[in-house]
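In what follows, structures are represented as structure tokens.
Two complexes, one shared chain (subunit A), two partners (subunit B, subunit C).
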Partner chain A sequence: MKFRTFAAFVGPSVFMMVVFIALPLASVFVQSFQVTQPVIERIEVESCTAGFLEQTCTTQVKTRPKINESGQVETTTRWVGLESYANLLQFDRVWAAISNGEPGRILQIDFWRALRFTLTFTLVTLPLVVGLGLAIALAVNNAARSIRGQVIFVSLLPFIITPVIGALSIRWLFYGDGIVTSWLETWLSTDISVAANGAAVEALMMFYRVWSVAPFAFVIFYAGLQTVNQDTLESAIIDGASRWQRLRFVIVPHLMPLIVFIALIHLMDAYRAFEEVVGFSSQAQRITLQWLTYDFLQPDDAGNRSISRASASAMLTMIGIVIILLPPLRRTWRDHKGIS
Partner chain B sequence: MKIPLVLAATAMLMGGAARADCAFENDVDVKILAAAFEAWKAVTDAMAECGNVQAELDQEFRTKQPAAFAANPSLYQIGGVSNGTITPLLNEGTIRPLDDLVEKYGQHLQPNQLIRINGEIMAVAMMVNTFELTYRSDLFEEYGIDVPTDYDGLLAAAETLKDAEGIDYPLGAMTKSGWDLAMEFINVFQSSGEPLVNDDSTPNINNETGMNTLELLKALSDYMDPEFLVSDSTYVQQQLQQGRIAMANIWASRAGAVDNEAESSVVGKVETAMSPIAPFGDRPVATIWWDGIVIARNISDEAAEAAFRVAMEGMDTEMVEANNDAAVWLIQGYEPGRLAQGAIATATHDPAPLSYPSTVEMGLMHTALGNEVAAYLTGSRSAERTLDAIEASYSTAAREAGVLN
Partner chain C sequence: MATPKAMRQPASLRFGSAAFLTLWCLIAAFPLFWILVMSFKSPADAFDANPLAVIFGPRTIAAGKGLSVIDLVLGLAVLWYAVRFAFTRLPQMVRAFTAPGLVILGWLVGCLGYAVVFIVLFFGLLPVVLDALNAIAGPLGQPVIGLTAEHYRAVWVGNEFYRNFINSLIVTGGVVTVSLTVGTLAGYGLARSGSNLAFWLLIAALIFRALPHSVLVAGYLPVFINSAEILRPILGDAAPTLYGQPLAVIAVLVAINQPFTIWMLRSFFQSIPVELDEAARVDGCTHLQAFRRVIMPVMWPGVITTGLFSFLLGYNDFLVTSLLLDAQNQTMVPAIAGYFNRETTTTDQAEAIAAAVSITAPLFLLVMVFQRQIVSGLTAGAVKG
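Moving on to the complex of A and B:
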């Protein structure tokens, strides 16, 4: 292809990526080393507030941002180096916990608590998604042609449902007097409170993720299964290979590039888990890194938001994704170069 | 993020042609952004009768409002605020003083409704909201329990009702981790009359009162549904309506729902009383809130005048008479109903509960409490460490916001 043609095809996409991904990323990177604050003044304010029968007026020293001549809040921006990262990672508390011989206390710091859960969540769901996706694909592939359409439709349903709605429906099955919980309670005749138990909430969040993402793996694997070399399979049967051996030595090696692909996508998505925290209201029990960033960005009633810590948290999340993606990426790179 | 949008209840009401119910015909476009609850629906419906009024009732209003009012011209002429959410608008100077307009069109307003900051009227309040003890009078009678006026009494009542027939748990509370749980902490703490943040912006929670507050919250949680950390105001309202709990100290604006025959199985069996007093305090466990309107600064004077007149039409006696039980109104013509008695008893107790402070620091403290208190209640952290963590979390955020050095 001529360079000119190539550029014409790629140009718009590169432009979009620069505007919508690269520039915001650079801006977040810069902001993670800066703190922007309003210029604060302390003034005595008399404020009268409504009561049921009469007002109460109080005079109080209040901190208020200074307003400049054009009616805008005056702000200053200063470079703070790694301060926002330090506020997030709180190494002093980490060292204190270790030197006191109570490393469990590290998990009381939001960032480490979020990191612990995010990593567990990502690494536990990965094999389950790949395994379940492959199992459904094999089942559908071996199903009678007449019911295949229906089976595919049913298997795809969880993937089609909007994430939050999917999470909420599972929440309603289990939280409070949900159908499943009530049923379990009658059956075991005990009182079950799913949402009060951190481990149970964690398991539900993982269950939801596997349930909603497995269909995606299934579709990819099912497509892959259609291209398995039938001659190889037949010769394996003639050689006396069992069903398991055929799967182990013919089908899985053939699907390996797809497995790596699914793993890459899933690692990226699961590390940025967010819907689960909102859907299951799990803040008290479990939080994810992405939710932590969101929480910093969310303004409180007085309009404060922690942009700097949110930026630092976003950068750390990105670095985390890069690290977690390195093994599968290296593998793909090796395969690509033909070194094995 | 699309999630909050999904959860947000957005209601759009389009005003048609002016109807006879409005004293004048409005020909200027007026837009209002307010929270989505019953009282605002009543007020904005009444405003819409004047014509050319567009109301947006959205639970995400607190995120939208500061930015929308900072635009020039402002995206909304009228804002619905409370003493918590007025802070960013006041601080950024995006709302205008209303003294002239009140003089011209607001002579009927009660002095109590005029929210003054340094002498200037910055908002007009329409209702107060506070907390009240909502309890099942039938159960209290059956078990011979007197209505508790303090939390020792409330805990004793809960103990008596622990195995009562028909209910799952004696107690309900709005303790969803985050904003709600922080609110609960603030209410209990302020029963002592002490502020959570000192005048010099340093935190004031790592002390005996803070410790007592945490311990009381823990003692209460023993009588609640073990899933109390996901229990928000709607959840408590439903627990009451379905007769699964015997009592709860809840928002006055939520109590009316127990007499809603379409949803409630305990119609007429619920009464309200003053929020009980904490054992270490002398005020009811509550904060006083008001809701009302503000007018944007970045609009023309004509638009502001039209907006104010429309707002006055929405907040008139006629509206209150039609929606008497939707809120504890401050507007003339309000007759407190049966389920508002508790709220009024709370608000008029002497000494009265403190108002929720409209300060930058309070927003930061609210967030810090919301993030840290749950770890104590789940048992994963001691009370001392939790107070340390709240203090550290507040101080970090306050330094970042520039209010603490």
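Moving on to the complex of A and C:
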């Protein structure tokens, strides 16, 4: 294929990606070093009230945002260097917490709280998703052919459902007097309040994530199981391998590329977890990095959005993405160089 | 072929595996089944701590809203036949009555007609017949299960949820159409070019796929809000404010979706033999003609699968739509967040549940109809390479 034809085919897609992904990324990088604020002017206002014989007048100095000719609030943009990052990371409070011997206090700062939860969330759900997906795939592979279609249908539901709705449907089972909570209460005869308990909310968020991603892992592993070499399995039996050994030494190595694939996708997706916070309304207890950026972007009570802070937190989030992507990219690069 | 004796499994293993599978299916389906049940009950019943009370809804019956045994039997029978009809006779009829080449149009008309007939029968005719039957049936006509559609009415009519539904339709329809058009072209180009540039484009797309969407939105927001002033030198006074425009959101979602789309379509295009292109080229087609007349007709399964995933992305999105659309152009998923922000009474919560079920129903249908395509789409990316 000539370059011109290739460019004609790929052009529109590349254009979209450059305009709506690459350029915003660059502008976020620049914004994170800038602050845009309304220009505040101080004016003297003389207010007079009618009085006996003469008016009583008082002058006050008021601050108000400056309005330009077209009736809009005038803003200035100035370079602040790393100030937004510093506001976010609050190293002075971190050092104070460490030198006082109370490292737990670091988690009172939003960014570190979000980082702590996002990392725990990602790393705890990863083995659960892979394990549960593999277990379902093996069980379905073991089941009668006639019911496999129905099982796949039911399994796909949590994966396909709108994430916020999926999280809500689990929330309604637990929050308040949800039926699972009240069942647990009668069983353990204690009073449980899930929504007020940070650890319980955290567990629910992880449960939701495993519930909704395990089907994806299952479908991929199930497809992989269909291509396991039957001859290898048979020779393993002849060699006296037990069922467990066959799984451990034949099936899992065969699925290894798929396990790596699932793990990679899951790392990328769980690291940018967001819908859980919305669905479980957990912002008071547990927040994620992406939710932090989202929160900065939401207009506050005065209608201002803290774009520069959002940009700084977005850039910090990116560091994690780069770390996750480095190993697979290095491998692809080596493969590519090996071929060409 | 009988299973060899050595491969046969002990009963305990078979039982354990079956039990595990049953448990998984229960866990997978239960939360969704439960919100469906709750959405049809009066608030007091829906949030009862006793599961039986939620299922049977005594207070809903007491309010005069319930189904008798006859209602249940007849209603389920009609539903069962309607589903059977949709999956067996409807495809036959569509095939019989449409000219080749107009298959998509035929399906659209067929589905629309089916929906209209179903609604008239199920919600118009059936209640009248059942009322008459219940009146003469004695004990069988007494309501046994509480069921009320009041929350759905409140959500769709009272809160004008249909506006959000239309906005969702616009956004998702736009996302699917544009991202497939742009994506098939790019996927084909990438699949048929072995150049270094193609490799780097795919790697860049992989990196873009990993970006958190909020990072991108942080880049759009200031530009979109001030776009009227930024674009004024170019477009004059007609410069639009992009914030709140469904079209701008469509463009954003298409771009966010592009990396995934081109990877998936590329893997589908690669499974089509290159000889097919070459034959078309020998016969005098240009690349574009070969693509349109020879490759696309055999690519439909791949396009449908990719379209499904684009649909899911547009339909399920919360972050981008909630930040870039204003209240009157809001789609369904962010709109539901508004419900539980102000959920102070159980009635509000019950309405939120009804809205949630309304959002889920189309997805449920989607899995029913396109299960095979979804599975093939999931495995296409992973197994082939």
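Here is the rule we go by: the second predicted complex is superposed on the first by the 294 of 340 C-alpha atoms of A that agree within 3 Å, B and C clash if a C-alpha of one lies under 4 Å from a C-alpha of the other, contacts with A are read in each partner's own complex, and residues count from 1 in each chain.
Basically, a contact is a pair of C-beta atoms (placed from the backbone, for glycine too) under 8 Å apart; a residue touches a chain by one contact, two chains touch by 3 or more.
If you're wondering where the values come from, they're calculated on a predicted model, not measured in any experiment.
Peer 1: Please work out whether A:Ser182 is in contact with subunit B alone, subunit C alone, both, or neither, and reply first, second, both or neither.
Peer 2: After superposing on A, A:Ser182 lies in contact with subunit C but is clear of subunit B.
Peer 1: Could you look at A:Val164 and tell me whether it touches subunit B, subunit C, both or neither (first, second, both, neither)?
Peer 2: Both partners, subunit B and subunit C.
Peer 1: Once chain A of both complexes is superposed, is A:Ser281 in touch with subunit B (first), subunit C (second), both, or neither?
Peer 2: Both subunit B and subunit C are touched by A:Ser281.
Peer 1: For A:Gln298, decide between first (touching subunit B), second (touching subunit C), both and neither.
Peer 2: Both subunit B and subunit C are touched by A:Gln298.
Peer 1: Does the superposition put A:Gly51 against subunit B (first), subunit C (second), both, or neither?
Peer 2: Touch partner of A:Gly51: subunit B, not subunit C.
Peer 1: Between subunit B (first) and subunit C (second), which does A:Gly224 come into contact with in this model arrangement: first, second, both, or neither?
Peer 2: So A:Gly224 only meets subunit C here.
Peer 1: Check whether subunit B or subunit C contacts more residues of subunit A in the superposed model.
Peer 2: Higher number of touched subunit A residues: C.
Peer 1: For A:Phe20, is the partner it touches subunit B (first), subunit C (second), both, or none of the two (neither)?
Peer 2: In the superposition, A:Phe20 touches subunit C alone.
Peer 1: Which partner does A:Gly133 reach: the first (subunit B), the second (subunit C), both, or neither?
Peer 2: Neither partner.
Peer 1: For subunit A, give the residues common to its interface with subunit B and its interface with subunit C.
Peer 2: Correct list for subunit A: 162, 164-165, 176, 274-275, 278, 281, 294, 298.
Peer 1: Show me the residue ranges of subunit A that touch subunit B in the complex, using the header's touch definition.
Peer 2: Residues in contact with subunit B: 35, 37-40, 45-57, 60-65, 67, 71, 73, 84, 87, 108, 110, 162, 164-165, 175-176, 193-196, 198, 274-275, 278, 281, 283-285, 294-295, 298-304, 306, 308-309.
Peer 1: Considering only the defined contacts, which subunit C positions touch subunit A in the complex?
Peer 2: These residues of subunit C touch subunit A: 6-7, 9, 13-14, 17-18, 20-21, 24-25, 27-29, 31-32, 34-35, 38, 47-51, 54, 181-183, 185-186, 188-190, 192-193, 195-199, 201, 203-223, 251-252, 254-256, 258-259, 262, 287-288, 291, 312, 315-316, 318-319, 323, 333, 336-337, 340, 352-353, 356, 359-360, 363-364, 366-368, 371, 374-375, 378-379, 382-383.
Peer 1: Give every residue of subunit B touching subunit A within the complex, in rising order.
Peer 2: Interface residues on the subunit B side: 1-3, 6-7, 62-63, 66, 83-85, 87-88, 90-93, 111-119, 125, 128, 176-178, 181, 199, 201, 225-230, 235, 288, 290, 292, 297, 328, 330, 343-344, 347-348, 352, 355, 358-364, 366-367, 371, 374-375, 377-378, 380-381, 385, 389, 396-397, 400-403.
Peer 1: Please name which positions on subunit A make contact with subunit C in the complex.
Peer 2: Touching subunit C: residues 1, 3, 5-6, 8-10, 12-14, 16-17, 19-28, 31, 36, 132, 135-136, 138-140, 142-143, 149, 151-158, 160-166, 168-170, 172-173, 176-177, 179, 182-183, 211, 215-216, 219-220, 223-224, 227, 237, 243, 258, 261-262, 268, 271-272, 274-275, 278, 281, 289-290, 293-294, 296-298, 305, 307, 310-311, 314-315, 317-318, 321, 324-325, 329, 332, 336, 340 of subunit A.
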